[in-house]
Amino acid sequence: MADYKMHILVCGGTGCRASQAEQIVKNFKQELAQKSLDKEIKVVTTGCFGFCEKGPVVKIIPDNTFYTQVTPQDVTDIVEEHFIKGRPLKRLLYHNPKNEFSVTSAKNIDFYKKQVRIALRNCGFINPENIEEYIARDGYAALGMALTEMTPEQAIQLVKDSGLRGRGGGGFPTGLKWEITRKVQNSQKYVVCNADEGDPGAFMDRSILEGDPHSIIEAMAICGYCIGASNGLVYIRAEYPLAIHRLKIALNQAKEYGLLGKDIMGTGFNFDIEIRYGAGAFVCGEETALIHSMEGSRGEPTFKPPFPSVSGYQGKPTNVNNVETFANIPVIFNKGAEWFNKIGTEKSRGTKVFALAGKVNNVGLIEVPMGTTLREVIFDIGGGIRGGKRFKAVQTGGPSGGCLTEKHLDTPIDYDNLILAGSMMGSGGMIVMDEDDCMVSIAKFYLEFTLDESCGKCTPCRIGNKRLFELLEKITQGKGTMQDLDRLRMLSNVIKDTSLCGLGQTSPNPVLSTLDNFYHEYVAHVNSKTCPAGQCKALLKYEVDAEMCTGCTLCFRNCPVGAITGEKKMPHYINQSLCIKCGVCYDKCKFKAISIV
Amino acid sequence: MPKIKLSEYATTTIKEVCASFNHNEGELINVLHQVQHKLGYLPAEVQELVAIELNIPVAKVYGVVTFYSFFTMLPQGENPISVCMGTACYVRGAEQVLDEFRRQLKIDVGETSADGKFSLNALRCVGACGLAPVVMVGDRVHGRVSPSDVKKILAECKDGCLTHN
Amino acid sequence: MMNTIQLKIDNKELEVPKGTTILDAAKRNGIHIPTLCHMKLHDMNIENKPGGCRVCVVDVKGRRNLAPACVTEAENGMEIDTHSMRVINARRTLTELIISDHPFECLTCAKSGNCELQQLAHDMGIREIHFEGDKSTYRKDTSPAIIRDPDKCIMCRRCEMMCNKIQTVGVLSAINRGFMAVVSPPFEENLDHSVCTYCGQCVAVCPTGALTEVDHTPAVIRALSDPTKTVIVQTAPAVRAALGEEFGLEPGTLVTGKMAAALRRLGFHFVFDTDFAADLTIMEEGTELLDRLQRHLNGDQTVKLPILTSCCPAWVKFFEHQFPTMIDIPSSAKSPQQMFGAIAKTYFAQKQNINRNDLVVVSIMPCLAKKYECSREEFSHDGNPDVDFALSTRELAALIKLANIDFHALPDEDFDHPLGESTGAGVIFGTTGGVIEAAVRTAYELQTGKTLQRINFEELRGMEGIRDATIDFDGLPIRIGIAHGLGNARQLLEDIKSGKSHYHAIEIMSCPGGCIGGGGQPYHHSNSEILKARQKALYSEDEAKTLRKSHENPYIIKLYEEFLGKPMSHKAHQLLHTGYFDRSTTFVEED
Amino acid sequence: MKIKSLADLRKIKDEVQEKIKLRELGENAENHVQIKVAMATCGIAAGAKDSMNYLIAELDSRGIDAIVTQTGCMGFCYAEPTIEVIKPGKEPVIFGFVTREKAKEIIDEYIIKGELIDGVIPVNYKTIEEQ
């Protein structure tokens, strides 16, 4: 065992697996065996490294060499160069887009430099299907400590002292939630892990479950000890087959090792975990809806109080936390509240994981201390905007959040600052937009999502959001009036003010924040019937500039509807009655001969 | 006595699944997951039997089936195509890709082509945001898809079908 | 320590018990907060508060958003404004939103004048809808008794609550989600494809025109104006205690005499009373009870006890679907409506020398299931139904108004003979506990041969969902159970199924309160006091009668003498008894 | 393998520690001794592989947490095998002609005691990384 001199860590997250990461692992094993290196070099499939933009990624230990966008065919070269010849395979190294230098060590990649990985500490580090690797990383030590050295009250105090707040969106203090549930008298209580990540564009919960499932199991057991529950339930999206698979393996291992079940570590504490599946409903992220769904009903939220901590699953006191919140728990026990307290800002302790996506260079999963600015995230970690375009906005908090602009870039990110800025933390989606994104369309996109996902129980969300969406549609079609803009705002405020659950209460945020920050774009759509970003199909037309066109026929060949005509080496022409405004010609043209008018 | 027609296979499958969950009505969603997994979809007849096996009104089963987007009452095509419409994919042009699929297949989202070869769905974030826009055909993920790739993806599927036969 | 809290609503200092909602706190103190989805029948354990319509939102000082008054508990020190600018704007916007997804059909809607949404729009002073857009539309559905127009559904969920929680029938459920969410039977099929019992409680609580009854009035008008037809009418006991409400009379006002007069003015050739048939039912059902009891006491193992009443067609359909293995337990006696029809089209038709095809029997019922019942195949003879049409109390009121009859000016008139004479026992058939009390009055005397000293059985009366009492039949204790509301009935049935039931006889009525709370009665708009007043009215009419035991009804005695022979005779069996069907779903293998 | 007490857990942890030790070292490279062995053709021909194996085994047996990695040719082909040693907070030092004996000396003197020994290639250069 100890003979391994090197480890090859291959990212086994969903993103990288989609790009044949499993084949890469197979090829490595084969190639190493062929070269008789299989006794010296170990191949490990790990959870997500976070740097999905450059996936599949492979990291060589101990020198930290970081290979990006590896294909199964590259394996022979890596083995040959890195292990036989002893030098990094340059062509697969990460290239810093700022200076075009290649970077060997993962540590020197900008994407990782400012990150502090607590919740993601084991993702991309251990083999998630091997409990021993987790134990080697102090796994289950926190549970052991809580069970043997602390009373539940002391353990809760520790969580309270750490200042940890719920990472699912609302930011409710975790320790306080546990304390409330503990104080409710009932012989049967439940610990629920909310893994129904529904925010489109956020995938941290999935990554944690795929990369470090034991940390969730351990944290749930600790929570069970604290609140006096011996049953845990993980409510997980059925769309996450890999996370489910790894969680099941982890549960079985934990049972096998006696870390779940009866009389854990000889302390008399019993705890077991079952899996419940979501079935595609964003609203089930709301805890009352989630509980109804776990009970086999429609996932409709109910009015709180009673809170789940008093009457939850099967009417019993239930503590619901999301995956990322739980992932923080074992570390807090191992390293202490004080240590955790030093990270982050005064009211928002610790770190937050963000799914950085959209028009940034480095799409991926990142974890930064609370208080990091948006600028650091987008420009340092994210590597700035793709294709040298101009930054326009960033949407945090998914469909519940708002669009923040240039003026918010230096705002330190924490729960309260984001709310002050008109957005929210949400589950941690962070979508970056550039000058080509029409903000009215973005607001419409989010509204369409909410519309699809509204449960339909309360009037403002069921009908109000539909009307909001229709107003936005009218505007993007150039049929809006200035009165519609007032209506948009008024209706948004009523929906916020009167909706039953968090989904409806926050659904107008994308509209309100874009109205606040990009009013001029709305006005352009209404008054001059133009879309400044050139995105609203009804308001734009693609035309060929005859002078610029070289007649290369690239547009002609790529047009999906045959709307482009023209002889080779002669200026081409777009037939407007056939054009579906898909923008392919515009993207393909190398001579900037196609313009949007 | 209303009579409902159901194949023997479906009947046995449903009864087995329900029994494996102890006919517990709280497990309705898990039951539906498994039944759909095994039978492909959840037509009315199937829901009727699930209701009887779990001793709950069929109205409740139908209410649940129509609430969750994962459940379908229509058979899926041989090649279920899902276009990710998560935000990351959306801002990188997923809508145009979806439009192109619609155009090429002449079906709308949620429908299956007349020959049963393709069905088209929009889904929310498969978490492969680094590959945006993403299209899934069955379990296979296609990353960084542009509208002009659509034809190729469909052709590949058709080839796949031919070789399968 | 008093368990009360203090708060301020609209600057008024109030003290209310802990646990009171803001809505109730306001109501107790004369402050009206508009509601729509909320519904509560006090003292009857029926409440619907999904907190969905949001019309009742109020401004609570210090709260981020507005609070729905129907579900928010009042807290000590709360300061609440029920009509601030913010509240009024939100409330009006919400109302407009609901209307924006509602057909503009007020003028022709069956619910016009009784529609709670219409009332709300009026109260809010809505003059214009600022939001236009798509409307959610669905297919309409008609059945023998109930019409669904889901386009008018506002997702208040009252019907769903009644159908599932109170009645445990489980036909209606919210389906789809978001804008397309609506309440519907499974697979959006028609109600007649479902296990619906047509109890009509969904119609009774629907605030809009989404659920209404099938209108039999045009057919009745046609029959009345057909010179070849003899049209007779029977009126169910609960109608007389509620019809007055439609004409602005106090709930609980008995209008028996005016009703008979009105029916005569409408042109019915004979105005009869279902109460007569109720007395007849007691003769048959009571005899059947005693027969089963006697056989049981004699050690007959095959005899089924308890015996269950079978007057209520929704109840009959309920057990046919839900308890198909127990269809031999209820009494085989037909309901009074159908006994009346059977006797009318034989005995009465012969007496009058009318071909049954030229005799039209119309019934006035507090019930929608009666429309379905009279359409059941076994209740017709060569395609001619025993009862042709069943009008609800509401439809009768509409008919009276249509015929320009000044209801208030009408004199009190009597029913016609021979099918119009009834005892007090027949009258109390309209309320929960009434059928069994009537049965006890007769069965006691038939069994013991003694005269009852005490005619009022208070122990059988009340509004509790499930009640029981033991009646001393001269040394023989008869254990009696009573349930109203099908959910309560289900409980008693489950007990029988599992062998835990110790009753000899059980009375079941589908509607809360019995027929007085039927789905065809004037809308109670969630006021349970109305139901109590109707109940009281029926007991008072019973009290006022000289004859209060069914077997003392001279016309019943005559009927047996002239026509039927004796209770449970062959002829009685043919005309007055029926059988039940297994309506459960079965599966067959696909070819 | 049932864990029946906290002590059991700790025991298992000790047993399995090795599995990921390499990775933990890699994660905190700057806090540990890092040794890079030049393993191009010239180095391998001169016995670099043997030296590397020896270094790993020896450091391990003495309980010194060190990161031994291979690297390409450092350009001192005349002095192969060559290794670069970086102690935490110190400038990198390159040693030439690193046989097993030399390797032992480097461990004893430079790594443990911090004393420079013969065989250092005096060169004005940056770490290999930045070449």
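The first chain written gets the first letter, and so on, giving A, B, C and D; residue counts start at 1 in each chain.
Operating definition for what follows: a contact is a pair of C-beta atoms (placed from the backbone, for glycine too) under 8 Å apart; a residue touches a chain by one contact, two chains touch by 3 or more.
Worth saying up front: this structure is predicted, and the values here are computed from it rather than measured.
Visitor: Going by the average position of its CA atoms, which chain sits the greatest distance from chain D?
Guide: Between chain D and the rest, the longest centre separation is with C.
Visitor: Looking across all chain pairs, point out the one with the most C-beta pairs in contact.
Guide: Looking across every pairing, the one with the most contacts is A-B.
Visitor: How many angstrom lie between the centres of chain A and chain B, each centre taken as the mean Cα position?
Guide: Result: the chain centres lie 24 Å from each other.
Visitor: Indicate the whole-number Å distance between the mean C-alpha point of chain A and the mean C-alpha point of chain D.
Guide: Comparing mean C-alpha positions, chain D is 38 Å from chain A.
Visitor: Find the geometric centre of each of chain B and chain D from their Cα atoms only, then give the gap between the two centres in Å, rounded to an integer.
Guide: 54
Visitor: Where the CA atoms of chain C average out and where those of chain D average out, how many Å apart are those spots?
Guide: Result: the chain centres lie 89 Å from each other.
Visitor: What are the residues of chain D that contact at least two other chains?
Guide: Answer for chain D, listing residues that touch two or more other chains: there are none.
Visitor: Where does chain A touch two or more other chains at once, residue-wise?
Guide: Correct list: 281, 298, 452, 455.
Visitor: Which parts of chain B, given as residue numbers and ranges, touch two or more other chains?
Guide: In chain B, 60, 63, 67 touch at least two other chains.
Visitor: Please give all chain pairs that are in touch with each other.
Guide: A-B, A-C, A-D, B-C
Visitor: Can you name the residues of chain C that touch chain B in the complex?
Guide: It is residues 164, 169-177, 184-187, 193-195, 581-591 of chain C that touch chain B.
Visitor: Mind pulling up the chain B residues that touch chain A in the complex?
Guide: Within the complex, chain B touches chain A at residues 25-30, 32-33, 60, 63-64, 67-71, 85-88, 90-93, 96, 99-100, 103, 123-132, 134, 141, 143, 146-148, 150-151.
Visitor: Which residues, counting only chain A, touch chain B once they are in their complex?
Guide: 13-15, 18-19, 51-55, 198-203, 206-207, 238-240, 276-282, 293-299, 314, 355, 357-359, 363-364, 395, 398, 429, 431, 433, 437, 442, 445-446, 449, 452, 455, 558, 560-561, 580, 582-584, 587-588
Visitor: If you look only at chain A, which of its residues touch chain D in the complex?
Guide: Where chain A meets chain D, its residues are 1-2, 4-7, 9, 61-64, 83, 85-88, 104-105, 107-108, 125-126, 130, 132-133, 135-138, 140-141, 144-145, 147-148, 256-259, 265-266.
Visitor: Could you pull out which chain C residues touch chain A in their complex?
Guide: Per the touch definition, chain C meets chain A at residues 50-55, 57, 65-66, 68, 71-73, 86, 89-90, 93-94, 97-98, 100-101, 130-134, 154-155, 174, 176-181.
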